[in-house]
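Sending over a structure as structure tokens; questions will come in a sec.
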Amino acid sequence: MPDDIAEMLHELIVATRILANEKVLDAFGHVSVRHPHDPKRYFIPRHRAPELAEVSDLVELTLDSEPVRPTEFRLYSEKVIHGEIYKARPDVNAVVHHHAHTVLPFAISGRPIVPVFHLAAVVGPVPFWDQRDEFGDTNMLVTKPAEGASLARALGPNWMVLMRRHGATVAATGIRELIFRTVFGSDNCKLLSQAMAMGHVDSLSPGEIKLTAAHQQRPPSTNRAWDYWVRQIEKAGLMPAKAASRSASKKNAVAAKRAAPKSAKKSAAKARSKKRR
Amino acid sequence: MPDDIAEMLHELIVATRILANEKVLDAFGHVSVRHPHDPKRYFIPRHRAPELAEVSDLVELTLDSEPVRPTEFRLYSEKVIHGEIYKARPDVNAVVHHHAHTVLPFAISGRPIVPVFHLAAVVGPVPFWDQRDEFGDTNMLVTKPAEGASLARALGPNWMVLMRRHGATVAATGIRELIFRTVFGSDNCKLLSQAMAMGHVDSLSPGEIKLTAAHQQRPPSTNRAWDYWVRQIEKAGLMPAKAASRSASKKNAVAAKRAAPKSAKKSAAKARSKKRR
Amino acid sequence: MPDDIAEMLHELIVATRILANEKVLDAFGHVSVRHPHDPKRYFIPRHRAPELAEVSDLVELTLDSEPVRPTEFRLYSEKVIHGEIYKARPDVNAVVHHHAHTVLPFAISGRPIVPVFHLAAVVGPVPFWDQRDEFGDTNMLVTKPAEGASLARALGPNWMVLMRRHGATVAATGIRELIFRTVFGSDNCKLLSQAMAMGHVDSLSPGEIKLTAAHQQRPPSTNRAWDYWVRQIEKAGLMPAKAASRSASKKNAVAAKRAAPKSAKKSAAKARSKKRR
Amino acid sequence: MPDDIAEMLHELIVATRILANEKVLDAFGHVSVRHPHDPKRYFIPRHRAPELAEVSDLVELTLDSEPVRPTEFRLYSEKVIHGEIYKARPDVNAVVHHHAHTVLPFAISGRPIVPVFHLAAVVGPVPFWDQRDEFGDTNMLVTKPAEGASLARALGPNWMVLMRRHGATVAATGIRELIFRTVFGSDNCKLLSQAMAMGHVDSLSPGEIKLTAAHQQRPPSTNRAWDYWVRQIEKAGLMPAKAASRSASKKNAVAAKRAAPKSAKKSAAKARSKKRR
């Protein structure tokens, strides 16, 4: 596997652990990322609680949400949420579906989400989608391509969609932007509901949303927040081990040199000399 | 003790720790499971805080909530909640009684609980029971068989009953279904109360409840959530040690055989023979 | 120091750590206990955050809240809360003053506290006290004997008093009863405020309060809860080391006898003989 | 660096970690302190999440918020908040800008903050500032000197200012007073919003505010709370290592001299020389 993809898949798992640690994900929900070299494919963990997913649990799916290679893994029944959004939105490279407790009261009450503080400007307008409208009584899971496509239409050109009596789906141009939008989108819902209880809500103006979102989506801002959340999962013991990529092997080889007996050092040296070429 | 029962009792303790870690149980409350081979008996811990209960604290009771074998243990004064529900409901194999802070506001206000998001479809309709109605002023504990039987009648064919000014009791066909229903039932109450504060509640339709509950009660869903909660109690240092069952001993013996030098094996054999005396 | 007092002072520190861990106490607040052999004295920590107090920080005060022996320690400015309640109420042996966030909204809004679930029956009626009524504008601390006596009058024959814009004071016949009443009194406030938000509150009847309080104040109930809270502070790393009492020293000596080589035993004996001087 | 400044910069980092641990700061926000010997300068971390900042991340800025010495570090875009307040208020020696979730509902709803319990008397009156009023649609960050100066004017002679749809800024005569005011100011907002939900708020009288603030701002009170918060960051593993100041180095050298045998010193020297290679 090329190093940049290994790096990206590791970041996907880190992102997933961050959302678990920030209580956006629990036993359910999932995060995916589009293949950086082949826009017709995306990566998503096999069917398991997101906090428990490792890089080795990731599968590569087509935009029809079929596995690229045969797999024994059980897959998420709602994977079409991801595939259909990647189909409809070429600008989207990362997607999360979740049931955060901060967001669900809006999905239940039908009250609209509006950005109420600067860090939530990146959320933008949040349309509603009700599976019942088009599909009647269902098991409430988005499992059929037609259901995923309907959700993608409701999302439209926006970055977050609220699913009535179910949860939310958030999209972004990349993983770090996705986590920033999802966490501050969650914070925004918590703060908005508290302001609603006080009887008055003052939301951002369209001009403020535009100017502030543009600023906050830049790397200095998303990276500063990313570093903070990484520290939080480190403290929680959730930081995933980094799979040995080719360049990581080099570093390991150096470490091995210090610790290992002579014979081991020789083969490590070979590994290194290969790398230098 | 047969291996399947040892396995089940360990799972009962794991389930209890999960509910403690998820803040459904605190110093009070209790979880029980029906005997898998003798439907006229059930297992429940002796009188102590559920988080502290070990497999060795479990006692076997008849459906009249009398100990099958003489015991020095103090028993829960409210054990009849379990016995009377097992009597009335042959389809129920696991019961929890709790005072979760998410649920109590409904037991205090008398506002009805309705499922408001897909994962809570498994809760279904939740009737009320008020000990005062039939028994007048009491010490508010369900200690007499008649009180337990009255509660079981209020539960009827449902899976959860709200006890006014007291708490709730939840039933299920098995331990993992019980934990799923209890945790997401608790989440449902928290989310419902927040939506109520927003002035509008949109609940699941009867068709949605039926279809969604059927899906969520299947093992892929309950096991995925179980694995997640098990990880949470592992992180919290609450995972109970597994008591050596007969086959586990065999496995350990095999493992020991592989790992241990001869002398160690001999002293292990001695230790075992000592234990048998 | 007699062993029973050493035991009791250790329990006082354990109780204080429990209330810190349960978020009833933060940087402020204090817990005291009456001297078991001399009802004209009580023990309370020197001026420091309650979570940080050790047995060695305890001072012995008269009921006028003057140190029995000269001390270099700074004392709590509000110690008269304890002394004046011990004076007025011979049946009270333990007192806590706190500013728990669950209770303060009632002290601010003036809404009455009523027991709304069975475990809070032990709280009973909760009168209000407003320092401003009798003393006008002050620094809001209960520092003068007259202020403490006024608070004790407001408490009357009850077990908890709410102090407007300030906090609460809780009394009990012993330490474990005090912690039980304080923690479940705090839970009661949290649950009551949530039921209030739902628009209806159903509280315990006078008969239920009487019968239920009588049951819950018995040792099986208070000890079960105590053991649970002790486990919580153990998990949080807050369990205070037990000071070596005389009989504990004896036990240690026996243990040392078993474990230690001869020379070590000799120096241990020397250490003991030094201590006795 | 003189020892008193080293001490103060360490305290600034401790203060920042305390506010991170108390959930006042997250990925964003910043704390600064005025130079004790040169009132025309102040210290503030480089651009990074406050919890992650170390003493080595601190930069020294003029009151125009320009670096005193050239630096490669990226700086906070909102540093002018600090510089302009230090300019306008010679009595202010420490400033924090934050987006605490307790405070933001007031910044969103526009409801006024009033002190509702004794420990929050130190907050005093809290004016509002809306960047939109003077500057129209912006990226909502206080990045221009004119914006910082406008905020400082809104703060006036007070100690806290609410920034609409953004957050709050708090000032103090020193670091410990700043942390006391910020944490209890945050608590006050949480408690006030709960009392508001109960339909009645009883706030401190002007006389109570004056007398109580005077008492709580004295060192016995601020130090007692400081010690408590330090213990909390120690438990959370957030206590920053103390940089070796000149006198600390001396002490360490003395300690090393006492503890280490000659051979150990030699191997330590070797280890150091190895590292340099």
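Which chain is which? They are A, B, C and D, in the order written, and residues in each are numbered from 1.
Quick note on the criterion: a residue touches a chain if its C-beta (ideal position, glycine included) is under 8 Å from a C-beta of that chain, and two chains touch if they have at least 3 such contacts.
The structure displayed is predicted, hence computed values, not measured ones.
**Student:** Could you label the chain B-chain C interface same or different, taking same to mean over half of its residue numbers are used by both chains?
**Tutor:** different
**Student:** Farthest from chain A by Cα centre, which chain is it? Let me know.
**Tutor:** So the chain farthest away from chain A turns out to be C.
**Student:** Between chain A and chain B, what distance separates the C-alpha centroids? Give it in angstrom.
**Tutor:** Taking the mean C-alpha position of each chain, the two centres sit 34 Å apart.
**Student:** Could you grab the centroid distance between chain A and chain C? Build each centroid from C-alpha atoms only and quote it in angstrom.
**Tutor:** Roughly 47 Å separates the two chain centres.
**Student:** Listing for chain C: what residues touch at least two other chains?
**Tutor:** 197
**Student:** Please categorise the chain-chain contact pattern as a line, ring, star, complete graph or other.
**Tutor:** The chain contacts form a single closed ring, each chain touching exactly two others.
**Student:** What are the touching chain pairs in this one?
**Tutor:** Chain pairs that touch: A-B, A-D, B-C, C-D.
**Student:** Within their complex, state which residues of chain D touch chain C.
**Tutor:** 116-119, 121, 187, 190-192, 194-195, 197-205, 207-208, 210-212, 214-215, 220, 224-225, 227-229, 231, 235
**Student:** Within the complex, which stretch of chain D touches chain A?
**Tutor:** Counting only chain D, the residues touching chain A are 26-28, 47-49, 51-52, 74, 99, 101, 104-111, 132, 136-141, 164-167, 193, 196-197, 236-237.
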